[in-house]
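The first chain written gets the first letter, and so on, giving A, B, C and D; residue counts start at 1 in each chain.
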Amino acid sequence: MIRERYLNALTLALFVAIPFWAITADEPFTITLMTRAVVFAIAAVGLNIALGLGGLVSLGHAVFFGLGGYAMGILAYHAQNYTALTEWPFLIEGTKSMPVIWLAAIVVSSLAALVIGILSLRTAGVYFIMITLAFGQMFFFFAISWAEYGGEDGLSIYVRNGFPGLNTLDPIQFYGLCLGLLCLVLLFAWRLSGSPFGLALNAARQVPVRVETAGLDPVRLKLVAFVLSGAITGLAGALFADLNRFVSPTMFSWQTSGEIMIFIILGGVGRLFGPVVGALVFVALEHWLGGLSDFWHIYLGLLLLVIVLFGRGGLIGMLCGREAVHD
Amino acid sequence: MKFVTLAAAAALAIGLSSANAEPVKVGMITTLSGGGAGLGIDARDGFMLAVKQAGNKDLEVIVEDDQRKPDVAVQLADKMIQSDKVDVLTGIIWSNLAMAVVPSVTAQGKFYLSPNAGPSALAGKGCNPNYFSVAYQNDNLHEAAGAYAKEAGFKKTFILAPNYPAGKDSLTGFKRYYRGELAGEIYTKLGQTDYAAELAQIRASGADSVFFFLPGGMGISFLKQYADSGIDLPVVGPAFSFDQGILQAVGDAALGVKNTSQWSKDIDNDANKAFVESFKAEYGRLPSLYAAQGFDTANLLLSAMAKADVTDADAFRAALEAADFPSVRGKFSFGPNHHPIQDIYVREVIKEGDVYTNKIVGTALSDHGDAYSDECSM
Amino acid sequence: MTDAVLQTSGISKSFGALRASRDISIDLKPGEIHAIIGPNGAGKSTLIGQICGTLKPDSGSVHLLGKDVTHQPTRARARAGLGRTFQISSLSMEDTVLQNVLLGALGASGRPWRFFSNVLKDTSLRETAEEALARVGLLDQARMRTAELSHGQRRQLEVAVALTQKPKALVMDEPMAGMGSEGSKLLTGFLDQLRHEAPILLVEHDMDAVFSLADRISVLVYGEVIATGTVDEIRANAAVKEAYLGDEA
Amino acid sequence: MSLILLIEQVLNGLQFGIMLFLMAAGLTLIFGVMGLINLAHGSLYMIGAFCAAAVAAATGSFLLGLIGALAGAAIAGALVELVVIRRLYTKDHLDQVLATFALILIFSEGTRWIFGSFPLFLNVPEFLSGPVTLPGGIEYPLYRLTLIAVGLAVAIGLWLLISRTRLGVQIRAGENDREMIAALGIDIARLYTIVFALGAALAGLAGALVGAIQSVQVGMGEPVLILAFVVIVIGGIGSIKGALVGAILVGLTDTLGGIFLPEFLKLFLDPSTATSIGSSLASMAIYILMAAVLILRPAGLFGARA
């Protein structure tokens, strides 16, 4: 059994070491793959706040991933065509600046999470899973038929958006940017889990009636968790869109929601680094298994089954055992 | 370590001795798993057949599965360009994937030869000197269907397509050449499998004919239900719903339907006959439109390789523009925006023994280019 | 009557044909322990639910510190000073003892919307929490996982959580259930002191505890209060004897 | 819009809804008795269609194909239950979602591995093909009428099964109180396998029946699966009656919404905008319906427990 914090440190070390190796070995694509893993990890860290801490099994987080993506797509599309997003009630122009795009992604997905959360949290259990799924489908079909922004074809952005002081087209610089954001998000998630809010949310997941008796509103706690969660997943969506320089309704599909959830389960639910380990392993599997056989989904499916059936607590749970009591 | 160096040197020596041109590396990104895998597999098989027949050792092909996901396709393109250092990319079936991949590929100075998708955005303002559509511009087959409908004297056609960009382009393409009146115009849900409601509308509309564009499983469902509904109007559509791969699943319901295609297995020329025979011999099935497009794409590439070195982009581009290869379609040349100028035929679905297939019954449009080349400046 | 801390006025509640509460009016005065006894199925849990806000009465009203709280949710009543312990333990078992108590303190502080600060380093919350643990004698177990506590210790923890809220009235649902005689004795002594801080509405099966602690007793049978009085009055009440204590007498 | 067209569209919505019911009934039964969310239910639908197509192609008989579909899906269901599903009953919903998601991957690619990437052929049998004329001069495909009849027959059969048979008593006991069935001496493991196989057979039947007028291809199950979930959530999870009502509601909303929304919007907007917005709204209509039902009644129309 390894101590969880050593495993976490090792994971972070891998995220630094592998790209360095890739540069020296002239394998730039490995950096792209690692960027993909980092972006997925951010999305899953976001979901983990709702799922792991709040116990909200959301099968609709693709909504926020997609909204983040479209926030990037739409802003950059207007910037590259020199058209205004809207002229009424006030002029909004497109932009190719990442910080602005991130802000837009976070704001839009938070608002969506607020509305979806208010409606969905009236239900619980299976119904919650299903209503979030339904919201995901709503956005998916809307995006498909939204001809102005490419509908099913999606939107291509020819040049990656810019970040002051960096050349984002250089894979390693963009990777560094994403990794930096992942670290920030992890820091946030870590502080959150030990904060007064985290304590209350944790209790709201396990014994909502107790939280109520303590004078707090468990539903409101969960709603705030859902909004924070959606905002982070939205940020990941914007990064994902920039990684691919492309957005499409696929980002809204329920399979995307499922995949984000898979990252968490693979790594370990409620563990700080669960989503990170899960995303890294998933991207590696996708890459290697995809090269092995046309039918690689079978192997992926079998592996997932084994982990769900026999591996309590995901990969981290298998390696580190039960979660330690934190001080 | 020493051994490795020696081996590498030997390999280099062999490489140099067997060819006078630089080897060309091709990355093929296509759909090999999931729902639309049949199309990608056909395109790949057609492409590889031509490569095999040419026996050109300087051509190396890397094939990867995009799972019909745009983000995977983009990632594969990055990998092929960054890691595998490919010179040319090809293989994408779906327009939305092409839109995701092609602009960034050409922006990085690589060539892209499209064996199927030809979205209008890449034919007009978004055209690029390094992008060639070897199949068609997306509107072409629909325009031909419109031309056929005019020719056949249809006065009141009911038209329908899925509610997504290619569907809208399709109806626009049809209307560009059709001169009659429309009995109705419907956009269906993408991926819809039940068309009872649409059939009822067709029945009630007083139409004298039906045009539909419903690729893949949607078309199969529509045709089966159409045949079962008792509506007895002539149907016309682009080749996609009548292709070799899916006709067997439609069965009798498709018999007699007219469809438009730039290729058919009975086009009378030597290249085509040889292609159909060798494809059957190699894979044990009849080739499809996608297989033919893959085959032509590979032969176009091979013809350019014979004329120019891929490292000399301008010369290689000129060699591609010349399109100096025996197309299975017969006459074939590129317009100013690197999209085909070719004949588009009207085919009819027939049954040969136990197998459903198509035969040519006429030509809808001759030497047909596309509507967007004026917008292209290159 | 006006000085009652907690008061129900004629509350009734039915589930379909079952009338679980019939016109119940009871009150809790400062400094007293008011025990509710009754056979299983008498409607004690339903009564507690309506007092604490998890159930809404069909008719009648609930007053806390003179204010009508009938239509307020549980958390509002909690914030107004109503503490509660549960019959079936509702602690978060995965967490430490300290974390459970901190939740109570956090609720009382009314400031859960802090996302970055470490809750364990919040001195005021921590002082409240540790003081409550010390009072029930669980301070040494603060770092233990709640699941590792003995049954009796969990009961003590329940009380500690309620104490962090500095309640003005306490509703305790069978705090002695499942405790050994030693533990019961200790807790009895503790509650005896506690009544001066906050009056207690005590639902309990342990008759020794009830008779030694209660200032007043109400007897609930079939959703109805058949008698209210001092220990002696209840012991002497014929109706009670018949309905409830019958087989003991 | 003529009355005939309207009636025809209502019939279409009804038929669509009744096919959804076949899917949803199994799903809701499995959830009600075992408390399991089964995302792989769509795969059993696909297996039914593929079995029917394979058997019909080999024997030339559509009816044998249907029997093949029932048997194939039931066997696949029982096997999956024995190997995988029974390990999931004690796990939480999250694990169930993931494990059955994994099953989808395995089933889809496995089917493609066995049957290839091209759609299979399955057609309406000769004696059911073509339209019939209904009173009022409505021409309607006989096969679709048959689907409505079969679906209603299955609904009645299910109702009889649950209300009149020993198995039904056990199922109802399982829905209400798991400990009670153990106390009654019922072999709970066997009951679960039977219920799961029954649900699978219903899905397989739906797949085969629908496969004859649609495309028998890999991935055909997932869109239907999502619709079936929408149905049981609207109806209330665990309730067969809810599944029937929900299915018909969804069928009618989807069919009629697609026609009337664009027409309705044409009153306010120019035709092409109306068509475009109307189609978009129509494709979202059932999800909007579901969200609305859940917001008003968080446990669905006939749901007992939230």
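Criterion: a residue touches a chain if its C-beta (ideal position, glycine included) is under 8 Å from a C-beta of that chain, and two chains touch if they have at least 3 such contacts.
Just so it is clear, the model here is predicted, and its values are computed rather than measured.
> Centre to centre, using CA atoms, which chain is the farthest one from chain D?
Comparing chain centres, C lies farthest from chain D.
> Check B-D against A-B and say which one is joined by more contacting C-beta pairs.
If we tally the contacting C-beta pairs, B-D comes out ahead.
> Pick the chain whose C-alpha centre of mass, unweighted, sits closest to the average of all protein C-alpha coordinates shown.
A
> Per the centroid of Cα atoms for each chain, what is the distance between chain A and chain B, given in Å?
One centre to the other, that is 36 Å.
> Would you kindly tell me how far, in whole Å, the mean C-alpha position of chain C lies from that of chain A?
From the centre of chain A to the centre of chain C is 44 Å.
> What whole-Å value do you get for the distance between chain C and chain D if each is reduced to the mean of its CA atoms?
From the centre of chain C to the centre of chain D is 49 Å.
> Residue numbers in chain A touching 2 or more other chains?
141, 144-145, 147, 295-297
> Which residues belonging to chain C are in contact with no fewer than two other chains?
Not one residue in chain C touches at least two other chains.
> Two-or-more-chain contact residues of chain D, please, as numbers and ranges.
Each of 108-109, 112, 276, 279-280, 283 in chain D touches at least two other chains.
> Hey, which chains are touching each other here?
According to the stated criterion, the contacting chain pairs are A-B, A-C, A-D, B-D.
> What part of chain D is in contact with chain A in the complex they form?
31, 37, 84, 87-88, 91, 93-95, 97-99, 101-106, 108-110, 112-113, 226, 229-230, 233, 237, 276, 279-280, 283-284, 287-288, 290-291, 294-295, 298-300, 303, 306
> For chain B, which residues are in contact with chain A within the complex?
Checking each residue of chain B against chain A gives 32-34, 37, 64-65, 69-71, 74-75, 78-79, 82-83, 95-96, 99-100, 103-104, 107, 119, 121, 163-166, 168, 187, 189-190.
> Give every residue of chain A touching chain B within the complex, in rising order.
Against chain B, the touching part of chain A is residues 27-30, 32-33, 36, 141, 144-145, 147, 150-154, 156, 158-159, 171, 240, 244-246, 248, 250-251, 290, 294-297.
> Enumerate the contact residues on chain B facing chain D in the complex.
By the definition above, chain B touches chain D via 33-35, 37-38, 41, 163, 185-191, 193-194, 196-197, 200-201, 203-204, 216-218, 220-221, 224-225, 227-230, 245-246, 248-253.
> Quick check on the complex: what are the chain D residues that touch chain B?
2, 4-5, 8-9, 12-13, 15-16, 108-109, 112, 116-121, 123-124, 129-131, 139, 141, 143-144, 210, 212-220, 223, 255-256, 258-259, 275-276, 279-280, 282-283
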